[in-house]
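What follows is a group of structures, each given as structure tokens.
In the two assemblies presented below, subunit A is common to both, partnered first by subunit B and then by subunit C.
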Partner chain A sequence: MEVKQYNFKAVDNDKVISLLQDKFKSVGTSEGNFSLNHGQIYCEVSKETIKNTIKMLKNDKDLKFDYIKCITGVDYKEYLEIVYSLYSFDNNYSVNIKVRIDAANPDVDSITDVFWSADWFEREIWEFFGINFKGHPNLKTLLLPGDVDYHPLLKSFEIKWEKREYVRPKVFE
Partner chain B sequence: MADEIKNNEIEVDEISAVNEPGDFPKDYMEINFGPHHPSTHGVFRFIAKLDGEKILEVEPIVGYLHRGIEKIAENRTYVQFKPLVDRLDYTGAMNNEFGYCIAVEKLMELEVPLKAQAIRVICAELNRICAHEVFFGAMGLEVGAFTPFLFGFKDREIAMHLMEMLAGGRLTFNYFTIGGVRQDVPKGFYAETKEYLKKFKKNLAEYHELFSGNEIFIKRTKGVGVITREDAIEWSMSGPTLRGSGAVFDIRKVEPYSGYDKYDWEVPVGKNGDVYDRYLVRMNEMAQSARIIEQALESLPEGDHQAKVARVIKPPAGEIYLRVEGTKGELGFYVVSDGTDKPYRMKIRTPSFNHLNALNYVLKNNYIADFPIILGSFDTVMGSVDR
Partner chain C sequence: MGLERKKTLEDHLYLKDKFGKPNILTVSYDKIMNAARSRSIWYLTFGIACCAIEMMATGGSHYDLDRFGMFFRATPRQADLIIISGTITRKYAPVVQRVYMQMAEPRYVLAMGSCAITGGPFYDSYNVVQGIDKVIPVDVYVQGCPARPEALYCGLLKLKEIINRDSIVKKPVIVK
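Showing the complex of A and B:
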């Protein structure tokens, strides 16, 4: 194995956005709405094309988004959202891909066969937001106990301050 | 009685007829490991399928330390939530606070005074030395050497005393504030830090002499738990684990924050991606941390230790994903603000979470006796996995 030095140069965000727009057109996935927020690129794509989009971003020779920084869900009450934060080691590009998901019928294609590391990220979102990842091989609870029937990070889930009485085991009496 | 013997004979005959000589029927064993096992670094459990002593498959089970920190964040103000960030990776609490404060500051577009930035860097690097010294001690225990544990913890104690001078706490500091640090450094801190670094450099050379060149240690760790660079990236590994696999990549260099680009230091890397390389990367990182602290102490700017911040912190609506180099790897905060004093959503991306995700891949075809050193080389902290 040889040691590889990566590119530490600063990146012009506008250039990356125009490059991404070109690639989106050429592949035929949804074009996406681009926005800049605190110097980071956000891009919204439709639910149907998310898997192809991420596959394209990973395999494209000019982009090479080969690293998942983070996948997370957000509950905006009317709809849910998944944010895929990707990073390209070779080019030092970063992009955040957003997908809107219907809150009544939450499901989206799994990207576990594109990125290995998506496995636990998706499991976590599944148990905390109730979003079903179609095609995920091992969808079961990760951090919560196995018998929970709620999704704690939904805004409809409230933390209740319950008073629980301690029942002294009979063994000690 | 006679019938029974006959039956046994028939069974033996059948087995010998089916199998070729040397081709024994495979019998796998499933064992449970943890959650209360000392070599799992916390409450981590896994179920392993073994063929003899070889691991065929591992199923990691986490969540024993889940405290719902992300949900709590949505019900606390930005200031109230900050002490909880310390509890994620409790060996590197300053680095956790660093990430959180920088994320909120960038959301507010707040400028931190130069002096506060330098103090933050000193704290973060001191804490990195502490965390790696825990790793050094634990690594020794993993291979059956007790002395590194005592040496590492003795040295760590002095560094913790230095941070106690600043914050009053030894492990969870709550020292950083949004906009700077809680209080100015006390008298004598700089002098004591300089003295500590002198001693530390001597000690580090001693550690290398004592442990890094030890033949038993090298034979146990070289060529064990190899991860290639491509696979490490595919598994979203970061920090010393990724650098051990030969990637010259450090977030302090790539996306410099808090003036890390002003200091002159190198990124230590490994070549083979095995346990020994990950160990060496961490040991060399301690030397680099000492280098950064020395430079920060020399060029300490004058000024305030805190920016002027409103009493109630209300970042404008927006979102940000900000990552810093934690002690174990990439520590990211995805903060969504809706303009109120509480975060709308707070996702904490921790490095250990991804390292455990890859555990099945890394442990496959290794021996069960090598499990503690491979897991130890990731330096996982369950507090940051379970959140």
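Showing the complex of A and C:
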């Protein structure tokens, strides 16, 4: 049996950043603010181009970011942010894409067409931050009970005492 | 050494004589039923959080609940007792209620640890029920975070006392 040999750290930060800058131009994304934090690349892209960007990062032959590690929602009070953490098995490299989202009108394109595994990440962000993912096939609550009308991880969230009281459903009696 | 009287052959013959004959036991129905029931509390295989680890330790070979006639049962139909061993979230509470409703009466509930009693450290959370007694009626509360196996023992022996107080004459009170 032939075992595939991986070239660990086949690329370095500078190479990835220069590659990304080139590739971003091809999909119409602005160059983005690249930054290094704890040895990881972060870059900001605009909300409109996020789906094309992720699709390009996955399908591009040089980059091959073929695995989505995590999608994280962040609340900065003035605006919301989503961080897509992508990983390339072939290059042993990861990149984090940030998208800034308006807090008053939070919505963004779903990337479930590109990464099927983004389904639950997006559902979780939707229920905890209230960010609407346009084009998501199954946008319903994942961890919270189905009847909630609040988003607990927002900074502005403050629950009323009546909401905390558990009301026993009568369906089993 | 030497304090115990050595059993002679006559002693053994006496015992054999006693149990060899057909014998009659005269006792009230409550007493014999409660004696049987309190010595065979079968509890549900139902672990929720870190208290469940202590519950498993209690059921395991070191603490050995089997010697009290208590066993894990994998189905609520055969279980007498449900040990609530962990935090009850709002999403999980209807599930617990459903499992409880599937158990045959008489059924008992033991709330183990501070989460099951009041919500514990997650009391102020948006998604945690403040105690399992908001969902189903509780017989015994065992405190601790998590409760030690010794504490669980104490609770189970208290439950044994509760069962021994039961009677078939009185109609059992069903809390709704």
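Things to note:
The rule is simple: the second predicted complex is superposed on the first by the 147 of 173 C-alpha atoms of A that agree within 3 Å, B and C clash if a C-alpha of one lies under 4 Å from a C-alpha of the other, contacts with A are read in each partner's own complex, and residues count from 1 in each chain.
Here is the rule we use: a residue touches a chain if its C-beta (ideal position, glycine included) is under 8 Å from a C-beta of that chain, and two chains touch if they have at least 3 such contacts.
Just so you know, these numbers come straight off a predicted model, no measurement behind them.
Of the two partner chains, neither subunit B nor subunit C is touched by A:104.
In the superposed pair of complexes, A:119 makes contact with subunit B only, with no contact to subunit C.
By the touch criterion defined above, A:152 reaches both subunit B and subunit C. Applying the stated contact rule after C-alpha superposition, one finds that A:67 touches subunit B and leaves subunit C untouched.
Between subunit B and subunit C, B contacts the larger number of subunit A residues. By the touch criterion defined above, A:37 lies against subunit B but remains apart from subunit C after alignment on the C-alpha atoms of chain A.
In the superposed pair of complexes, A:144 makes contact with subunit B and with subunit C alike.
In the three-chain superposition model, subunit A touches both subunit B and subunit C at residues 143-145, 152, 157, 159. Per the touch definition, subunit A reaches subunit B in the complex via residues 1-6, 8, 37-38, 40, 42, 66-70, 72, 74-75, 83, 85, 89, 92, 96, 115-117, 119-120, 128, 141-145, 152-153, 157, 159. Across the complex, subunit C meets subunit A through its residues 90-91, 93-94, 97-98, 101, 124-127, 129-130, 134-135, 176. Residue ranges on subunit A touching subunit C, taken from their complex, read 143-145, 150, 152, 157, 159, 163-166, 168-169, 171-173. Those residues of subunit B that touch subunit A in the shared complex are 62-63, 66, 68, 70-72, 75, 106-107, 109, 228-229, 233-236, 245-249, 253-254, 269, 271-273, 318-321, 323, 330, 332, 334, 336, 344-345, 347, 349, 353-354, 356-358, 361, 386-387.
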